[in-house]
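The structures considered in this document are given below.
In what comes next, chain A is part of two complexes: it sits with chain B in the first one and with chain C in the second one.
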Partner chain A sequence: MPRLNKKIENLGLILLFVVLFIFFAFSSKHFASLTNIMSLFAQMVELGFLTLGMAVSMLSGGMDLSIGALGSLGTVLLAVFIGQKGWPLLPAILLVFLLMLLAGLLNGFLVAYLKIQSMLATLGTQSLFTGIGLVISKGITVRVPEESMRIFGRHLVFGVIPFQILLFIPVVIAVGIYISRSISGRQIYLVGCNEEAARFTGINVKRTLMKVYLLSAAMAFFAALVFSSRISSGRADVLNSKVLETVTAAVFGGVSTLGGVGTIGGAVLGVAIITIVSNGLDMMNVSQFLQQVIVGSLLLITLALRNLKGKTSPFVALRNKVCRRIQ
Partner chain B sequence: MSTPLLELKNISKSYSSVRVLNNINFSVVPGEVRALVGENGAGKSTTVKIIAGVEQPDSGGEIYYNGELIHKMTVKHSLELGVSVIYQDLSLFPNLSVAENIVKGSEKKFFVGLNTYKKQASAVLESLGVDIDTSLLLSELSIGKQQLVAIARAMYSEAKLIIMDEPTSTLSSTEVELLFDVIARLKESGVCIIYISHKLDEIFTVADSITVLRDGEHIETGAIDTFDQEKLIKLMVGRELRFVPFHGTDIGGSGTTFSVNNFTLEPYFRNISFDVREREVFGITGLVGAGRSELAQSIFGIRKASSGEIFLGGEKISISHTNDAIQAGVCYLPEDRRTQGLLMGQTVTRNTTSANLRGVSNKASLISGQKEKKVVEEYIERLAIKLPSIESHIERLSGGNQQKVLISRWLNAGPRVLIVDEPTTGVDVGTKQEIHRLLRELANNGVFIVLISSDLLEVLAVSDRVLVMRNGNAADLVETKSASQESIMEKSLLG
Partner chain C sequence: MKKVISVILAMLLLVMSFAACTKPDDGKTTTPPVTEAPQVTEPAGESKGTIAVVSYVTSAPYFAFGKSVAIKAGEDRGYDVIWTGTPEVDTPGLIDIIDNLIEQGVDAICLASGDTSSVVPSTKKAMERGIKVVSFDLDIEAEGRDAYAGLMDLAELGIPQVESLVASIGEEGEYAILTGVLTNEFLNSRIDYVTEYAEEHYPGLKLVTIEGQNEDPDEAYAAAQNILTAYPEVKAIMSNVSTGVGPISRAIEDAGKIGEVYACGQSSPNLAKPGMASGACVSAILWDTAKWQEWAVTIAANLIEGVDMPVGKLDIAGFPDAERIEGNTFYFYETFYFTPENINDFDF
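After this line comes the complex of A and B, so read on.
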């Protein structure tokens, strides 16, 4: 039953996405245009990468709060190496990737070996990464005039499909398979569920946590790559504010803050729904202020419905009825 | 006979389509200690939940308290009536003082000074004949003392009916005696106690009367002197069941052994050596704190011993992490099922395969759902595990079935050595027997079995030789055929 429920839960999210899509398509004549749909997907990508990292750290029972700061640091490093120093694209990108993995190792080390609570450790490194970025960039926006860098965030393949979507899809599939099917992925769930019991079942908890924070750093790298290309610059705090959104998206998609529960597919759907709501409301000229209210309410309603699951309540009865219909 | 304090009439309870209680009638009078017994899944916990107002019975049932019909028992209502449940996990506040733990929540005034807390708390403890410093933090007390604090808390809130759920499962024998003294005092002052336990000898010591439940049905209620152990067990399991010894035959056939040499980890244990022979179940016993679990966990790689060697079939194996142990075929079923064994919130499937994920993976190192399903179904059949579905969360299973799942986890890892630590605590009599039979069967099939247990009857019945530990030392090695409970107890106390 639980597996069935999970499927239904994701089905519910897909349904919500479709309903929202139809709603916005009727509300705004520009919404359903090809250009807007493509830009909608492109908008998903940066939040999407960061949310993948966040979701994996949440599955392991933690929460990588430094992911936004690390992404921002990535944009600064890319801008400095490519824009200021004029290094060739490939080695620069490779170096930034390695440096960011190093930062992930630091997070992993703090959580796995020094046993600092994940949220506190990454709260510390969040400040650290932002600080390093500020020092390197001297607190200003560093421009990337380099033409070839445009490909990651501003290039349309065949003149229609934003390149970053083609980057995002394989990464989602890879991370999804890693989490749901691989041995390490399963171990991440089990560690997130109960670290001690995981250790007693022969799982190397430290190594598992290291993998988690490396993965989340890699996701921050992708976000940095796309973002710095899209805005042709790097800034030390540019992605910091996205952290809360990633938590919102992951939770929306059914990833538990307590660890061990959730799916990558769900998290991506969470991103999709949040993005479509904000894009659609933009199209309808709804103010940013009101948008906050709507997204917040949507999240609270979802959480309430999810928590009521299994208990007798009119909401659940309704939800079950709807789910049965869909089935 | 006086009016019953609490009376349940025709109480039934169903969860979706499963009926867990069927027309239960149950009544207790003030000053009575009533033992509520039955195998896991018999309906004891559900009965308690209904009395405490946590669950509502199906319509048709009636609850009377002091002769009055209670229309809807809620948690708040039951507390007001003086019903107090002391759960296994105690539900106290470890970071507050003993005094606050006793008084908090039932203060008679809004503002209470710390001194008043202490005075009132001390008075309650004194009336129970317990000596605990009320200014200590709760977390500084042993589990046994904490339990007494929980009882004192119930007394302070003027409880008339105290329900104790397996109160002695984590207590040392002196603490158990202290608890029994307290129960005697409570009885004198007219408090009624419902005592739930799997330990039959305790029930015969402490209870006035017994109610037996089986599969949600009321089987029998009667005064204590109308029962004896054999009859009680028979009523609980519904069939004749005696404690059959499972001693091995042809022990040490081919001469291969699993040996532990001079294992030391201060301050837990020192210079422990033993050999487990082929087809043998090797017992380790001793009092709580003798270092048994620490020894087992060191062998398994949870905490590294400071010195010592392990040989398996003549080859030295080095274990620095649990993963090494499992690779070498050394497996450990932990003592604390809830925190060290079960992966709560995960499915039965995931709980079963967690120690050998490679075994259910395909060539690309991806976990195959089909292989997992096959493995899990195989063990469900082999160990007769009762469960709603293999995708059910593990916490939905009864204690005995949870333990069987954990045993499957290790069987699936292909054990050459299986160390089981208190494998039958909180497990019903029938499952206990099944686990004993399984251990013997594994030993006969060439798995070296190390059975750690403080249940001396179990040790004597199942193992062939027993290592008695005392204060981290090996006190004696005993052949069980020539040993008695008393002689082993003497060794573990005196040496």
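After this line comes the complex of A and C, so read on.
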């Protein structure tokens, strides 16, 4: 039943996406052009990667507030190794990936072993990662030669499809399958539902949380890779502004801030809806101020409609069902 | 009851959303009249195209103050103007906006970016599509724009800063300079302009010290207090950055030296207002941010229309000192003197 509920909810989000698409296609002559549709999907990717990381941390009952700062640090590291030091692409990317996983381990260690509340721990590491980025970059934007990293954020496959979409899709599928189908992924749900209960069922909670923040760091890495290519540079705070947007997208897609409820598919749909609204309203020349009102309103409408489905908070109701089922 | 409230809330929000969608604030609405008439080459009729004015913090009064002027400048030249940007500093968002403007097929983008390089790949894409890109406020890397619509070499602001000093205390007396970061080469070159110009034109002025405030209002206040104590004969403290006049004025007020010592130099008008009201400041300089946006739109329109703008002095209506220098840089050389009489006409 919970799975059916989630499917219905995701279908609702898909329907909303389609309705919005049709609305914007009729409202702006530029919206439905092939290049804009490709641009629209390309714009989803960085937010999408970050939202995947945020969604996984939220499913575990936490919230990785450092994900934007870690992504920003990733852009700086990539820019320094490739742009300043002139390293070949592959070793530079691998090293940055490993360094970012180390940062993820730090987050996991703070949350799992030192028992610091995830929001507080990642608030601290957010500042730490930004600070390290500022020190390394000396507070300035570090340039990367445009051609060296072009493929990840500005290359069009067959002259049409942005490469980053082809990078994003398999990652979404992999994370989705991991979270929903694997034992390890399901354990994240149970830890998010009730950490104590998870412990009693024999789940290694610490290891599970470490995996969560490693996965989150990996998603920050992908976002950094794509974005540093898009801007041919790295800056210590360049993705910091995306953190709240990732929470919005995840919540929009049905991921509970209380943990244990939500799907990767839903989170991606949340990203898709936020991006299509932003792109479509840009095409209609709606001011950015009003766009914020509209996105906020859509979020509240979605939450209100979900609320109608249960007497208690929608997340709590769904969460209870899911938790009972897992247990 | 709970369901009813939820439904009402949902409906209300839905209505708000569609209202916003169907009647967009697209920056093309009629705007209030401006005090200075922009260049008008032909009356607004059928649109000649679209110019986008994009800034990286649209919620900042510094940029918002120029919205209506930029729109009117475009309209008077026969262009629709999209005035947009990210409400807060958000580089990914700014890049998405530029990409979306490219897809809309605008004819020109006037861009104030928060940094010099991150937008360049996107602006280069715009240029490849034939869109004219004009940077203003902070310039971006030259490869990413067709022109920079600038005010002047901002180091030369040292000269009007001296005039602001003279307007405050006359041509004789001791003064101190409060700069941003003491090691900042750009700010130091501005101080060089101050000292050279003052020595040449006003030999009776005597610089007693240069202090740093690290762009921190508290540090600026403390530094001004120290100057007032250490140099009892000082008659003015000149701010070399736009954030100093406010704290200097407060220090003068708190020391009970209104009428004896003046805050002067560079300041945004809003920061200078309290000092102007108390009498601690009678002259400050900056530029008119609205005029700067008008200048960017004017250059963009000229580029679209292929108006010849050779290096040297330019004949552009509304900008009597306009000049093109090497490197596709266009200056209009208009600093603005704020006084107690005109300060309340500005809000940024």
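We adopt the following convention: the second predicted complex is superposed on the first by the 309 of 327 C-alpha atoms of A that agree within 3 Å, B and C clash if a C-alpha of one lies under 4 Å from a C-alpha of the other, contacts with A are read in each partner's own complex, and residues count from 1 in each chain.
The rule we apply is simple: a contact is a pair of C-beta atoms (placed from the backbone, for glycine too) under 8 Å apart; a residue touches a chain by one contact, two chains touch by 3 or more.
Predicted model, so just to flag it, every value in this text is computed and none were measured.
Annotation: superposed three-chain arrangement on chain A; chain B versus chain C shows no clash, the two fitting side by side. In the overlay built on the shared chain, the residue A:Arg181 is in contact with chain B alone; chain C does not reach it. Of the two partner chains, chain B is the only one touched by A:Gly202; chain C is not. In the superposed pair of complexes, A:Leu190 makes contact with chain B only, with no contact to chain C. Once the two structures are overlaid on chain A, chain A sits at the apex of an angle of 130° toward chain B and chain C, using CA centres and rounding to a multiple of 10. Contacts of A:Ser278 after superposition on the shared chain: chain C is touched, whereas chain B is not.
Of the two partner chains, neither chain B nor chain C is touched by A:Leu11. In the superposed model, A:Leu123 lies in contact with neither chain B nor chain C.
By the document's definition of touching, of the two partners only chain C reaches A:Gln288; chain B does not. Measured by the number of chain A residues touched, the leading partner among chain B and chain C is C. When the two structures are aligned on their common chain, the gap between the nearest CA atoms of chain B and chain C comes to 12 Å.
Chain A has no residue lying at the interface with chain B in one structure and with chain C in the other. Within the complex formed with chain C, the chain A residues making contact are 23, 27, 30, 33, 35-36, 39, 43, 46-47, 141, 143, 146, 154, 227, 230-233, 235, 238-239, 241-242, 278-279, 281-290, 292-294, 297-298, 300-301, 304-305, 307-308, 311. Residues of chain B that touch chain A in their complex: 302, 321-323, 325-326, 332, 334, 339-347, 350, 354-355, 357-358, 361, 365-367, 388-389, 391-393, 409, 413.
Those residues of chain A that touch chain B in the complex are listed here as 1-4, 177, 181-183, 186-187, 189-190, 193-194, 196-204, 260-261. Residues of chain C that touch chain A in their complex: 2-3, 6-7, 9-10, 13-14, 16-17, 20-21, 24-28, 58-59, 82, 84-93, 95-97, 99-101, 103-105, 115-122.
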